[in-house]
Amino acid sequence: MEIVDIVPDVLKNNVMITTIDGLFKWARSNSLWPLTSGLSCCAIEMMCAAAARFDLARFGYEVFRPSPRQADLFIVAGTLTWKMAPPLKRLYEQMPNPKYVIAMGSCANEGGPFADAYSVVPGVDKIIPVDVFIPGCPPRPEALIYGMLQLKEKIRHPEIIQKVKK
Amino acid sequence: MHEGLLVNLTVFLTRIAEFIFGNIFIAQLFIVLLEIVVIFAVISLAVIIQVYMERRICGLIQDRFGPNRVGPFGLLQTVADMIKLMSKEDIVPAKAEKLLWGITPMLLFIPAALVYAVFPFDNGVIFADIGIGIFFVIAVMSQGVLLFLLGGYASENKYSFMGAMRAVAQMLSSEIPIAFSILAIVMMTGSLRMSDIVSAQSGIWFIAVQPLAFIIFIIAMLMETNRTPFDLVEGEAEIIAGPFTEYSGMRWALFFLAEYTNLLAAAILTVTLFLGGWQGPFLPGISWFILKVFAVIFVFMWIRWTFPRTRIDQMMALSWKVLLPLALFNIMATGIGIYIYKWIY
Amino acid sequence: MIKTETYQLSMGPVHPSTHGVLQVLLTLDGEKVVDSVPCMGYLHRGIEKLMEARTYFQCLPYTDRLDYVSAMNNNFSYCHAVEKLAAIDIPEKAQYLRVIMAELNRIASHMIFIGSLAVDIGATTGMIYPFRDRERILDIFNELCGARMTYSYIRIGGVRSDLSSAIVDMINKFLADLPSMLDEYNNLLTGNEIFQHRLKGTSLLSGEQARRLGITGPMLRASGIDYDLRKDNTYSSYDNFEFSVPLGKNGDNWDRYIVRVKEISESAKIIRQALDGIPDGQITAKVPKVLRPPKGEIYDTTEGPRGEVGYHIVSDGSAKPYRIHIRRPSFINLQALNILCKGYLVGDVVVAMSTIDPILGEVDC
Amino acid sequence: MQGKGLLIGLSVTLRHFFSRKETVQYPEEKLVMNDLFRGGRLILNEKKCISCKLCAMACPNEALALTVEIDEQKKRHMKKYVHKSGRCLYCNFCVEACPTKAITWDKNYEIACYHIEELTYDAVKRNKEDENNEY
Amino acid sequence: MKRRYMGRDKLYTLKKDFPTDIDFDDAAENPSLIIRSLPYFPKIMHSLNTQHKFDMLSNITAVDYDDYFEVVYDLTSRINSEELMVKVPLAKASPALETMTALWPEADFHEREQYDLMGIIFLHHPNLQRILLPDDFIGYPLQKSYRQAEKEGENG
């Protein structure tokens, strides 16, 4: 639901609320700063996405912040193990709201090749909420960019998720 | 000598204000406040342009484009970043020294903006043309480090504290070469006043007369502004983000702003001391000034995206064992030069 | 009286310079490192256990994910071991193709090394250039087997597909451009005085120490010990090619960097010779649909980009391996971390960690 | 001479500042995926499929869950062909194992989704949906 | 140059020194050395290290057979260009044997890994702790009897 819909009729003339909301949505969707955190294979593809050929910077998403305090986006790139789960959750909690999570690759989605292993978390969404899933093992850098653009859509139009869900 | 465009504008505005308020004192106060607002707006705009420049230059150097999607040519990218940072949650670490931690980012902007009071932007356009101009700049610029120390200490984070310690060490090593390299110029002009230094360069810029001082000054200025190859304070690969590690959202943005404000100040200082300030043919002074400042900023960014980072001990060794003796030698050479010059003429 | 105290700093598991999820517990005295302990296992995925439940063919994709920046070399090592166990003879042509791909992947892996070292040392541009050039190799692999990182190209009994003329052209073109790429890295990084000052004389590892710690690969050779399995225990068709093994002198960070840079051109030499001399013939040997190696045990090693990759396979005569244990070079090389860090500054720890060049997928298995 | 290397480095980066850019502007320009590319979703050609389940047996990680139905004429039909892409290694073993080349990749890597349920899909059902869309 | 397996003559000389303690399959092409008596194990390894110049302990692995454990050492001699596989069977009840860290310092991580995943105890090891799995992990996953506990709690 848009904030516009919550506004009582008396205040409908108050344009500022909706404008600022829209402005923030525009700003957030155009400035997703990912946390520098590669878990495994997909991290290399994440680096490739930021390198010359694919250039994440065109969308303004290249500011990889090493400190979770300044990051907006957590790209879980790789296999999550039970040993890594507590630090990962802590990192997620250290990030300031609003924060987003992308699960990149099969391992992060549902455990991937290692779904049956004794030490692997079968899916990041068991630990932290995930906004976008990117299938692939590892996904191509374009697929990551596409995933980030999907996230951008989601931030701008939060209502589209309900439409897609069956 | 007051003939610049901006001066005339100010005089004109003062007249209008005097007419409105009917009191010369209130009118002048009003104009001063207006000037402060304008300078803050200009600094903010310059910072936004610098951040955009940095990201584009970084991209172009690295065979890619850099931000080019948000707005025309990606010009609104930094605006989006700033608005986003404003809308972020404000996290205060549970173990931080709350008061110190909270006020640090706000205080940090003061020394960063204060130095702009004595910079001559154009002929006669200077807020306070005080007699100890250059001394004032050196004194105020070094205050920034105190707040780095404060922020790093108050965060109660080991990385922050290490960053803060490094910041202090770095400031101590950079201030002295800066002061000594500037001293050579002061010897030549015989004045600490900024406008005198600029007008002394009407014939020949000091970069030609004092090349050694210029090199020392640039290297020390890179240290002062914490930029690669001397970005030890926030060396990402080593100590995460140094003193800012625990800051988020708008508080971090203030650190970020202060950093680029310092960079701008460093570029302005370089232009004023070595590149003839606002002076130049044909175009009005202010445009020459802006052109030169951004050229210097480009060089700083170019250096940043080319060089690796030094180690803390190497940085200090460079400063104390190389730059300082060289600066002292330069002072001696300048003294001899001045003496010979006077003896000939 | 002033008293100083040491303090603990935990670098990782998420830290920009630990190349994944390695955690290093540093005991520091100011900025000086007193002690450093690597803690791994944050990426332990139990590959050895998973392999026991899969057939020999199905194990292959898992080897891709061990050392994920040089999957070809892992495929190679695994297939070599299984073939030795099952006594399968590989056609000459397949061996040449394997060597070409393994060496190309070695170049790609060393490019990642240069890039990550550069970014750890603060030169971001130095990271982008090798990554840009690595894309060329990935293009070749993509054309060859349709994947950028997890190739599964080298199969038990041979290789998956033949080289097309387009791929040969791509490789030739890459090899022609390689010297200019290396020149660029040398101009940007190797020649840079700051870079040299950072690397030279730091994190010394003597030859004797390296030998005793079982260090292998470029790290051992940087300490001046001439030991390269491609020469000292030739496998596949490496004895057909002329190449030299670059050696370092002091075993400092600089040597570890330079040895790898030199290895890139040596690998290029091998590829060139192999491309010229590809014999005609089959690309796969006859391998039964369900491979049941005879009962027995094998330990086989090959030279990966990080050192000696070894597979210990126990077969009980069934289609699935009874036990596989993998000797991962980065895992063993990490034992040297304390020697490399002790007595140096925090800035050197980062560099030392880079020049060990651990890949966490391999360390944690 | 100290400092020479620094100047050479600066010249390298300045040259690149003006040189041609390497970037493929992704959403507008796309790299062409070759025939071997393994990625995207599996397409099942039901006419070719003989329901032998070799693909599921070749899979290292049980990412394919098949349901085969035997109709009145004792012919085998694929009723459900579920591909759990969350377990998939994209190793191509299933495609290679197929004796009739009935399965292929659709080579569309733009399949990021918002819900975890969308990762698992039924290729037979997708075929039907496509048919319905066409008519 | 190709590495050889340790020559049969050398194996015989070794057998002469430790007649009852070691064993090898004479019929096999590359017979691995099987150590029958645990007390002599460090001595035999010492002799391999010093006399036969096996300067590299390339790999340590442990195999879980139906009724015994077997620890396998893969030795390499860079000097003589030789290799050798040494096997030590251990009883299921007490899988413990002497550490090799004194002879080959590189054995440190290898032994910790086998302890972690297979539950083999290496006596006198300087720091025998879990290396890959978390400290609170229960069981030794590579043992054939290990059954994965019901997906370790959905709440994480």
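As written, the chains take the letters A, B, C, D and E, and residue 1 is the first residue of each chain.
The definition used in the following text is that contacts are C-beta pairs under 8 Å (C-beta built on N, C-alpha and C of every residue); 3 or more make two chains touch, one makes a residue touch a chain.
Keep in mind it's a predicted model, so treat the numbers as computed, not measured.
**Student:** What are the chains that chain D and chain E both touch?
**Tutor:** Neighbours common to chain D and chain E are A, C.
**Student:** Starting from the Cα centroid of chain B, hunt down the chain whose centroid lies farthest away.
**Tutor:** Relative to chain B, the chain with the farthest C-alpha centre is E.
**Student:** Of all the chains, which has the CA centre nearest the overall CA centre?
**Tutor:** Here the chain at the core of the arrangement is C.
**Student:** Report the inter-centroid distance (CA atoms only) between chain A and chain B in whole Å.
**Tutor:** The computed centroid separation for chain A versus chain B comes out at 36 Å.
**Student:** Between chain A and chain D, what distance separates the C-alpha centroids? Give it in angstrom.
**Tutor:** Going by mean C-alpha positions, chain A sits 22 Å from chain D.
**Student:** Averaged over CA atoms, how far is the centre of chain C from the centre of chain D? Could you give it in whole Å?
**Tutor:** 28
**Student:** What whole-number Å value describes the gap between the mean CA coordinates of chain B and chain E?
**Tutor:** 64
**Student:** Counting only residues that touch at least 2 other chains, which ones in chain E make the list?
**Tutor:** Residues 133-134, 141 of chain E touch two or more partner chains.
**Student:** Please set out, as single numbers or ranges, the residues of chain D touching at least two other chains.
**Tutor:** 6, 9, 12-13, 21-23, 25, 39, 60, 89-90
**Student:** Give the residues of chain A touching no fewer than two other chains, as numbers and ranges.
**Tutor:** 36, 51-53, 55, 58, 66, 83, 113, 116, 118-119, 137, 140 - these are the residues of chain A that touch more than one other chain.
**Student:** Could you please write down every pair of chains that are in touch?
**Tutor:** Here the touching pairs of chains are A-B, A-C, A-D, A-E, B-C, B-D, C-D, C-E.
**Student:** Once bound in the complex, which stretches of chain C touch chain D?
**Tutor:** Result: residues 54, 57-62, 64, 125, 132, 142-147, 150, 152, 161, 184, 187-189, 191-196 of chain C touch chain D.
**Student:** Which residues of chain A touch chain B in the complex?
**Tutor:** 23-24, 26-28, 30-31, 36, 51-52, 55, 57-60, 62-63, 65-67, 69-70, 72, 94, 96-98
**Student:** Contact residues on chain B for chain C in the complex?
**Tutor:** Residues 58, 61-64, 158-159, 162, 228-229, 231-232, 235-240, 305-314 of chain B touch chain C in their complex.
**Student:** Touching residues of chain D toward chain A in the complex: what are they?
**Tutor:** 21-27, 30-31, 39, 60-61, 84-90, 109-116, 118-119
**Student:** Considering only the defined contacts, which chain C positions touch chain B in the complex?
**Tutor:** 7, 9, 15-17, 31, 118-126, 128-129, 132, 188-189, 192, 194-195, 197-198, 345-350
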